[in-house]
Amino acid sequence: MNNQLKVSLPGLELKNPIIPASGCFGFGAEYAKYFDLSCLGSIMIKATTLEPRFGNATPRVAETPSGMLNAIGLQNPGLDVVMSEKLPALEKYDLPIIANVAGSCEEDYVAVCAKIGDAPNVKAIELNISCPNVKHGGIAFGTDPDVAYELTKAVMKVTKVPIYVKLSPNVTNIVPIAQAIDAGGADGLTMINTLLGMRIDLKTRKPILANQTGGLSGPAIKPIAIRLIHQVSQITDLPIIGMGGIYTADDVLEMFMAGASAVAVGTANFTDPYICPKLIEALPQRMEELGIESLEQLRKEVRENRR
Amino acid sequence: MNNQLKVSLPGLELKNPIIPASGCFGFGAEYAKYFDLSCLGSIMIKATTLEPRFGNATPRVAETPSGMLNAIGLQNPGLDVVMSEKLPALEKYDLPIIANVAGSCEEDYVAVCAKIGDAPNVKAIELNISCPNVKHGGIAFGTDPDVAYELTKAVMKVTKVPIYVKLSPNVTNIVPIAQAIDAGGADGLTMINTLLGMRIDLKTRKPILANQTGGLSGPAIKPIAIRLIHQVSQITDLPIIGMGGIYTADDVLEMFMAGASAVAVGTANFTDPYICPKLIEALPQRMEELGIESLEQLRKEVRENRR
Amino acid sequence: MKQEMMTIISQIKIAPKIFELILKGKLVKEMKTPGQFLHIKVPQADLLLRRPISLASIDQKKETCTVIYRVEGVGTESLSLLKKNDFLDVMGPLGNGFDTAFVKPNDRVFIIGGGIGVPPLYQLSKELKQRQAKVVHLLGFAKKEVIFYEEEFRALGETYYSTDDGSYGILGHAGNLLVKARKVGEPSAVYACGSNGLLKMVEQNFSTHPHAYLSLEARMACGMGACYACVCHLQKDETGTKSKKICDEGPVFPTGEVIL
Amino acid sequence: MKQEMMTIISQIKIAPKIFELILKGKLVKEMKTPGQFLHIKVPQADLLLRRPISLASIDQKKETCTVIYRVEGVGTESLSLLKKNDFLDVMGPLGNGFDTAFVKPNDRVFIIGGGIGVPPLYQLSKELKQRQAKVVHLLGFAKKEVIFYEEEFRALGETYYSTDDGSYGILGHAGNLLVKARKVGEPSAVYACGSNGLLKMVEQNFSTHPHAYLSLEARMACGMGACYACVCHLQKDETGTKSKKICDEGPVFPTGEVIL
């Protein structure tokens, strides 16, 4: 019974598969006022870069039907503050942390990956090569297989913890990129990051976001995430942490059936700050109704049924 | 007052910019039972291929949050029946028709384009190089700039009416594709076709659609459509017929502000069969509230404000 | 008129997960044929597609109609929360219903239904009764608790039940009821609505019967023939390119016509 | 407790497009500081983001609170359709409100508000009155019709109006009222909420005043400090990398602190 929700991935022994997604949960402290973070499977902390960043001008968010756009621009206090303040503050929870790492060039990524794994609670790194909201780096690393391969290899050399590479959905064909990352030696994949979108303010006749474009997230993109996870899980054995529009226990199970081995929950935290504990609570009953013994069992079945 | 909604595009003098999108309005006959089609700006008829096609196995549609997936697979009665029955049936309406043309190879496209313009009411062709739901052709033509260029050139040689090429959003970078089509001599662009998505049935643990993947349409994709139309309108002077999630007069105006010169309405017809006449009726008041004199005036302003 | 904001007169749960919804509006005037369906816009903004639900009964005098549905997913769940005096966006009636014009007094007619396929058969049976046919109802359900409208059907003619778990009537599916009923006498007409398995069974039994009708289901978008979402193949089509649309050329087809 | 399905006690239109909504629930116990806001989930499934709306008044005895909002877009439109006894998903109270701890009896205090920035100033003014401050309300509106709570403000202290079209009070914006009011005497505290233009005007007038406070707005997602959607730059930050989050470090800031 208790092991029903357990999933085991490289570096990550998770008591359940529910992980707040990077950028939607800060460094945990704010949500800790709402519930005990120890209930979570893990936390993907906000993207961390070598230097502190302010990010983009505001407005940074806009609403879309069943979705939202964001163009935060990777605002974060920088590696040093994350290491000295943000990560230690999470040590009191019984929780493996996944550190989301971003950069403007290969050296930046390497520098952060070399160090952030030193934090005792960082059990894995999520390499963000798919942020659509920064001019340099970000998505550029995630749309070219060769670049993705080189970057993966470079960070694999320096890291002490497993590396999960976060894929962009803004590509014609995701397969060669996933293959390149696999070949580069990554331990897993996370997907999907946001899709590039825009909203225009009818009164000003200009884009709502100061950055003009932003990343689309939320249930609107769920069918795209499902398709991409399904597609990638057919061509690689790397475990996939799935995300994109998860709001319900059914969504979690749909991602598993598509090929995910754990899931991250982003936008839903804004709609309901208690969504993660609610999902953890709702899963067992829904699994029983659908005749799913355990998530590990479901993962096995899905893998076996691949074409 | 009466000219407020008029827009003029190559081959198309439209009394208003509202056009039912291809595949969502059949060949008009069914909706003619609901309202007088003469009120529309135009109709984009269902994709027509050289030979009749049955399309994909069923189920062919699935629902998603603020969207839907379809994998019809270009079912249509073939060029001959369209020419001899479907198009003549539309002649009684005061209505220019846009014929959506699809094929499995260049010769097919050329053969259909050479002939379909002979129909007296076909005033333009929409070249569907972006259907994600067929194995051969379709989207393959719309993701490679060279292929798109060659195809555009080939059909331009044989056609008597202006050609609008329909772009796929499933690409890493839409700019070179739009530029190739521009260079190939097309008269305009229509965008966007659907995004590739998937839904899984939790009971069977298999994709809901028989085709596994389908094309995502509806408000969910509107911010992606707005972004792509905005992006493409910055790099070409070709007029753009915008589509993707239009449900309200505000959506129509947002597309114009992004760079569209007319709009097509797809999925919304399924939610409300009267949506097109309702949009036509709602536009003038909304334009007045927003201080928009006429759509031609708005188009001009948007073009002038390009970066 | 083909679409209306109809008023909810009542909504009651008549069995576990099964609801009876009575609607009032001018649209009722158009509802003439049993087996037609309504295309219902569930009042939840992120659900775009309408839900096809069969007419279970029509009352022209009161300007009301009844539908009976089972909560399956998010749409029917949301529908079940509506209350008296709420409005509901309804398109319809859509599709071709059951042909009954040929039925003569004292004709022995089989009505075969399974589970949530039973609702449209109620209005059908009422109309057959008016034509003074002798209606035999052969109805299969999963178990006793989910049976609904038993009194109503019994009031219209002979009524036999089968249940998958044997908790009511005979054990097994409606096919077992059919075997028995045919022993008593062959029907001059057959009407069926239910799962694909049930329809196939009826098709096999009456593939050449001149008046055997099946009501099909399909995932739909437009519901009125424009989008090709709901097609099925034809039995007599070697090319494999021909099709019928279940929404506007069906949902009722004679046996021998379409591939199930 | 930080989130609750609160009950709607009443919702009335108090001016064109402007609604007063009274909510009841246990969450009221947490609501202590004027200037804090509620983060409201509008009951429309395709709208994911909550709407920040200021507390306009709090009644601990009745366990109720009031918000006043203007219909701007789809969310507030949908909110305005709710009726007595409906439930509303409310998070809050969020943010830091107005500091009033330092205010002494007979202090002359300016409350400067514009349009839909006026609501939070009402609870503020009530609390200042309890502290026996002499409150001067300087309120700017577009035109006479959209003024609300006039009687309520007048009951708490001197109240002056400006309107953009001169249809009530003096012609022009609240800055004109401020010029006049300062002639009578300088304030020991200043509180402002309204358009960016209004806030800039107050910032310019009182940039070094030790007790001048501005309540800011920003498009928000989480509303509680986790997403960095709502940041603003600091005046004293040469690197340009520092920021404050309006949702949890604001929405109220002293003048001289953030860049408007």
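Every chain is named by a letter (A, B, C and D) in the order it is written, and numbering of its residues begins at 1.
Everything below uses one rule, namely that contacts are C-beta pairs under 8 Å (C-beta built on N, C-alpha and C of every residue); 3 or more make two chains touch, one makes a residue touch a chain.
Every value quoted in this text rests on a predicted model; they were computed, and no experiment measured them.
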Labels of chains that are neighbours to subunit C and to subunit D: A, B
CA centroid of subunit B to CA centroid of subunit D, Å: 46
Approximate Å spacing (C-alpha centroids) for the pair subunit A, subunit D: 36
Overlap residues in subunit B, where contacts from two or more other chains coincide: 65-67, 218-219
Contacts with 2+ other chains: residues of subunit C: 45-47
Graph class of chain-chain contacts, one of line, ring, star, complete, other: complete
Touching residues (chain side subunit B, partner subunit A) in the complex: 64-67, 69, 143, 170-172, 195-200, 202-203, 205, 207, 212-213, 216, 218-224, 226-227, 230, 245, 250, 253-254, 257-258, 290, 301-302, 305
Residues of subunit C touching subunit D in the complex: 44-47
Touching residues (chain side subunit D, partner subunit A) in the complex: 2-3, 41, 45-50, 75, 91, 218-233, 240-243, 248
Residues of subunit B touching subunit D in the complex: 65-66, 219
Complex contact set, residues of subunit B against subunit C: 23-26, 29-31, 33-34, 46, 52-55, 58-63, 65-68, 70, 72, 75, 208, 218-219, 267-274
